[in-house]
Amino acid sequence: MSFLVLDKLTKRFGDHVAVDALSLAVEQGEFVSLLGPSGCGKTTTLQMIAGFVEATSGSATLEGRDLLSMRPAQRGLGIVFQSYALFPHMTVTQNVAFGLEMRGVSRAERESRVAEALALVGLAKLADRYPRRMSGGQQQRVALARALVIRPRILLLDEPLSNLDAKLREEMQIELRQIQRTVGTTTLLVTHDQAEAMALSDRVVVMNAGKVEQVARPDEAYERPATPFVAAFLGKTNRLMVDGAEVTVRPERIRFCNEGSGMPGRVAARIFQGNHWLYHVDTGSGRVIVIRQNAGDAVPAEGDNVRIAW
Amino acid sequence: MSRNGPLALAFHAAFVTFMVAPIAIVVLVAFTPEGFLSVPMTHWSLRWFRAIAGYPEFIEAFWSSLLLGALSSAIAITLSVPAALAVSRYRFPGRQALTALFLSPLMIPNVVLGIAFLRFFTQVGIGGTFAGLVLAHVVIVFPFALRLVLASATGLDRALENAAISLGASGFTVFRRVTLPLILPGVASGWMLAFIQSFDEVTMTVFIATPGASTLPVRMFLYIQDNIDPLVASVSAVVIAVTLIFMLLLDRLYGLDRLLSGRGRD
Amino acid sequence: MTAVDPHPGPLPRQRVTLRPWLLSLPALVLFAAVVVTPLVMTVVLSFHDFSTMGGIKPVFILKNWHDVFTDEYYREMFGRTIRIALWVTAICAVAGAPEAYILSRMSARWRGIFLLAILGPLLISVVARTLGWALLFGGATGVVNQALMKLGLLSRPLPFMFTETGMVVALSHVLVPFMVLSVWAALQRLDPQVENAALSLGASHATVLTRVVLPQAMPGVLSGAIIVFSLAASAFATPAIIGGRRLKVASTLAYDEFLNTLNWPLGAAVAVLLLAGIAAIVFGANRLVERRYASVFE
C-alpha cells in the first residue's frame, strides 16, 4: 500500500469546483510536484492535506490512517509556507525548536536536534539571529529546518522558492533536492514553475482547472505529453498544421537546413539567451519557435529566409 | 530640504502659531506670580501650582481620573482583543454589522451618550457611582482600543498561526505564544490611546458626574464657568504635562498620524 | 498557504460559524446593555411628559417633539448650531487642507515635529484648550487684548467671549487637526511620480496643484469636512465655555434641560434630534462622496 493515498479528493466553494476528484498515490521517500497555473487547485489540495481547508468529499490516508479526520495540529506534517511564516518575535533556534516544544521533547534533545537541523540547511552560525535580519534565502532555510526537525512523515512545500531571485532559486533547487535525498522524507511540492517541478521531482502531477492532466516522471511528461495542455505547459511547444494534420514539435527538435529540404520561412525575431538562440520564424503553417544551441558559430539573422525541418 | 516656497512657509508658521498659542498661554499663565493675567511676564512662580493643594477637590479628581482612565482602558482592551481577533480572522455573516456596532460610539455625539447613560444609570440605580463612570468610559474608549488592536491583528500574517498549528500547537497555545506577542504593540498603544481619551473626556462625563464621583476635566469645566484664573490654568498645565508624556510615547511607538486615524503601524 | 484559495481561513470550516461570535460575546453583551439599551431608553424618554410638580410622567405624548420643531426658541438654537458648524467646517477646510499639503512637502524631520505639534492638541483635554482661548481673548484681561491695548492698537478689547465669532474660532482650533489628519491620509496615497509626470508634460506648478493634487486630495477634504461638521454640531465644552449661558447650541441646550430645568423628556428630544440630524447629514454626505469618488478609488 502506498504511503500517501488521495482518493477522489474534492473541494467545492459554492458552485466553483476548485479540486475535482483528485486521486494520487505517493510512495514513501518520493518527491512529487503538483504543477499548474494559478487557480488549478494545487494549493487547495495542499491545504486540504494540511487541514487548513476542509475537503468537500473524498479521502486522504497516510500510512493507512485517515488523515482528514485529524485536526491540523495532530497530523504531524512539516510545512514550508510561501511566505515562510517564521515567527518574527523568536530567534532562529526558537523557531526551529517550536515544533519540538509542542511535542514535549526534552531540552537536551531539543538542543541537539535543532543543531542537527540547522547544520543540515547550513545555518548553524545564525542560530541566534532574528528573521527580519536575514535574507530571503536564509529565511527559507530556517523554514525548511523548522519543518524537518520534527521528523515529519510528509514534507509539504507551498511555492517555497517563488520569492527568491532567479539565481538564488536555481541554487536552492539543487540544495533542496540534496537535502530531501539525505533525509529521505516523502515530499509534496506545489509550484507554477514547470522548470522547477521538472528539476526537483520524481514525478510531476500536472493540474488544470481542478483536474489532473497527467501524472508521470518529468522526462516522460515532457517527451510524451498526455494532453495538449501538458504539452503547452511544460516547456515550449509548437502546434502546426502540416498537410492537413496537427503536429506538435518541441522547439529544440527543429533545425535549420539547406535549400531543397524542409519548410520555408522568414526569421521574424531572434533573441539571444546566452546558451541558446530563440527564434520566431514565420512559415506558411504559422509562427514557429525554434531553439538553436549556441555553439559559437554563425546563425541566421532577423529578416533572413530560412528552411526548417525536424 | 523643504520644497515649500516662502508664502507656504508663512502660512504654515501662522497655522502652527494658531495651534500652539492657546496651549502655550495656559502653561505660561500657570507660572504667573500675579493673581491675574498680565503681559509682559517678567517673573515666574510656582505659586499657583502650590495653590492647588488648597483645592482638595482638584487633587481628588486628578487621582479619580487616573484610576478611571487606567481601569476603563484595561477593561476595554481586554474586551477588544477577542473581538478584534474574531473580526479579523473570520468571515462570517454579520461581521460588518458587528464591527459597526463596536465602532458606533465614535459616531454618536458624546452629548447624546451622556444623556443616554444618565437616564440608564438612574433607572438601574448606579447613577452617581464610580462604577457607572467606569462603565460609561469603557464604552467611550472601546472603539479607540479596538481600532488599534484590529490594525495589529489584520496586519498579522495568517500563515504564522497556521505554521504554529502545523507544528502541533493547539488553540490557546497559538494565541499565547504567537498571536499575543505579535499584537502586543497594538494592545499597548490601544491601552494608551484609550487612557488619554478617558482622561480628557468631559462632554459625556459632565452629565453623569456628581460631586461624589467626578473627574478632573469635569471639575475644571465647572470651575471655569464661574471664574477664569491662574489656578485653573495651573491645573490645566498639569493635565497638559501628563498628556504630553503619553503623546510622546505614542508617537515614538506608532506615529501620531497613523494612531489617530486608527491605522496603527504597518 | 497564502496564494490562490478564494476563501482562506486558518481553521477548518465547521468551527467558523460559532467561534467569532463566542470571541465577541463579552464586548457584544457590554454594547447591548450599555449602548443600545440606554439609547432606546432615551428615545422613549423623549415621548414622556414633564411638569415641575410631578416630575417625569411615563406616558406617550408628542408634546416635546412638537415644541422642538415649532417653537421659535429651539429653531434659533438649532439654527445657531448649524450655522456655527458650517463656519467651522469651512474654516477648517480652507486652513487645514493647505497645511496638510505643506506638511507633505517637508523633509521628514520637520514633518515629524510639526505633525506632533498639530495633531498633539487632539490628545489634550478640550477644556484646557478652550481655556487657552479664554485667556488669550477674554475681555480686558485677555492676554492678546492686553498686549494690543498697551501697544495702542486697540481702544477696546476685541469681543470674543460670549460671541459666535469666538465660538467659531475656538471650535476651529479644536477641530482643524481632524481635517489635517484626513487630508494628510489622502495625500499619503498619492504617487509622487504622478506630479512629476504632469510637470514633464509641461504643466505649471499651479496647474499641478489644481488639476492633479487637489482632485486626488478631495475625498480627504470631504470626509474631513463630514467629521468636522458632525463634531462641531455636537460640541459641548467649547460652546459652553465661550458661549456661556447666553449663546446656546443644541448640546448646551440639552445640558440645561437635564441639569438645570430638569425637564429630561425635552432634553432627550433635543438630544435625539441632534443625533438623528447629524446621522442623516453624515450618512447622506458619505454616500455622495463615495458615489462620486468610487470610480477613482476601488
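For reference, chains read A, B and C in written order, and residue numbers begin at 1 within each chain.
Operating definition for what follows: contacts are C-beta pairs under 8 Å (C-beta built on N, C-alpha and C of every residue); 3 or more make two chains touch, one makes a residue touch a chain.
These figures come from a predicted structure and were not determined experimentally.
Q: Looking only at C-beta pairs that count as contacts, which pair of chains has more of them, A-B or B-C?
A: Counting C-beta pairs in contact for A-B and B-C gives the edge to B-C.
Q: Measuring centre to centre, with centres taken as mean CA positions, what chain is farthest from subunit C?
A: Taking each chain's C-alpha mean as its centre, the farthest from subunit C is A.
Q: Could you please state the distance in Å, as a whole number, between where the Cα atoms of subunit A are centred and where those of subunit C are centred?
A: Computed from C-alpha means, the inter-chain centre distance equals 55 Å.
Q: With chain centres taken as the means of their Cα atoms, state the distance from subunit A to subunit B in Å.
A: 52
Q: Provide the C-alpha centroid distance between subunit B and subunit C, rounded to the nearest whole angstrom.
A: Inter-chain centre distance comes to 16 Å.
Q: Would you mind listing the residues of subunit B that make contact with two or more other chains?
A: Touching at least two other chains: 157, 159, 162, 165.
Q: Hey, what residues on subunit A touch two or more of the other chains?
A: Residues 50-52, 72, 79, 81-83.
Q: Can you list the residues of subunit C that touch 2 or more other chains?
A: Within subunit C, the residues that touch at least two other chains are 1-2, 7, 9-10.
Q: Could you please specify the touching residues of subunit A with respect to subunit B in the complex?
A: 50-52, 72-79, 81-83, 85-89, 98-99, 102-103, 146, 150
Q: Taking the touch rule as given, give the residues of subunit C at its contact with subunit B in the complex, in rising order.
A: 1-2, 7-10, 16-17, 19-24, 26-28, 30-31, 34-35, 37-39, 41-42, 45, 95, 98-99, 102-103, 105-107, 110, 112, 114-136, 138, 141-143, 146-147, 150, 173, 176-177, 181-182, 184-185, 230, 233-237, 240-241, 250-251, 254-255, 258-259, 264, 267-268, 271-272, 274-275, 278-279, 282
Q: Using the touch definition up top, name the residues of subunit B that touch subunit A in the complex.
A: Per the stated touch rule, the residues are 157, 159-160, 162-170, 173, 177-178, 181-182.
Q: Okay, in this complex, where on subunit B does subunit C touch?
A: Those residues of subunit B that touch subunit C are 1-4, 8-9, 11-12, 15-16, 18-26, 29, 36-40, 78-80, 82-83, 85-87, 89-92, 95, 98, 101-102, 104-105, 107-113, 115-120, 123, 135-136, 138-139, 142, 157-159, 161-162, 165, 196, 199-200, 202-203, 206-207, 217, 220-221, 224-225, 228, 232-233, 236, 239-240, 243-244, 246-248, 251, 256-257, 260-261.
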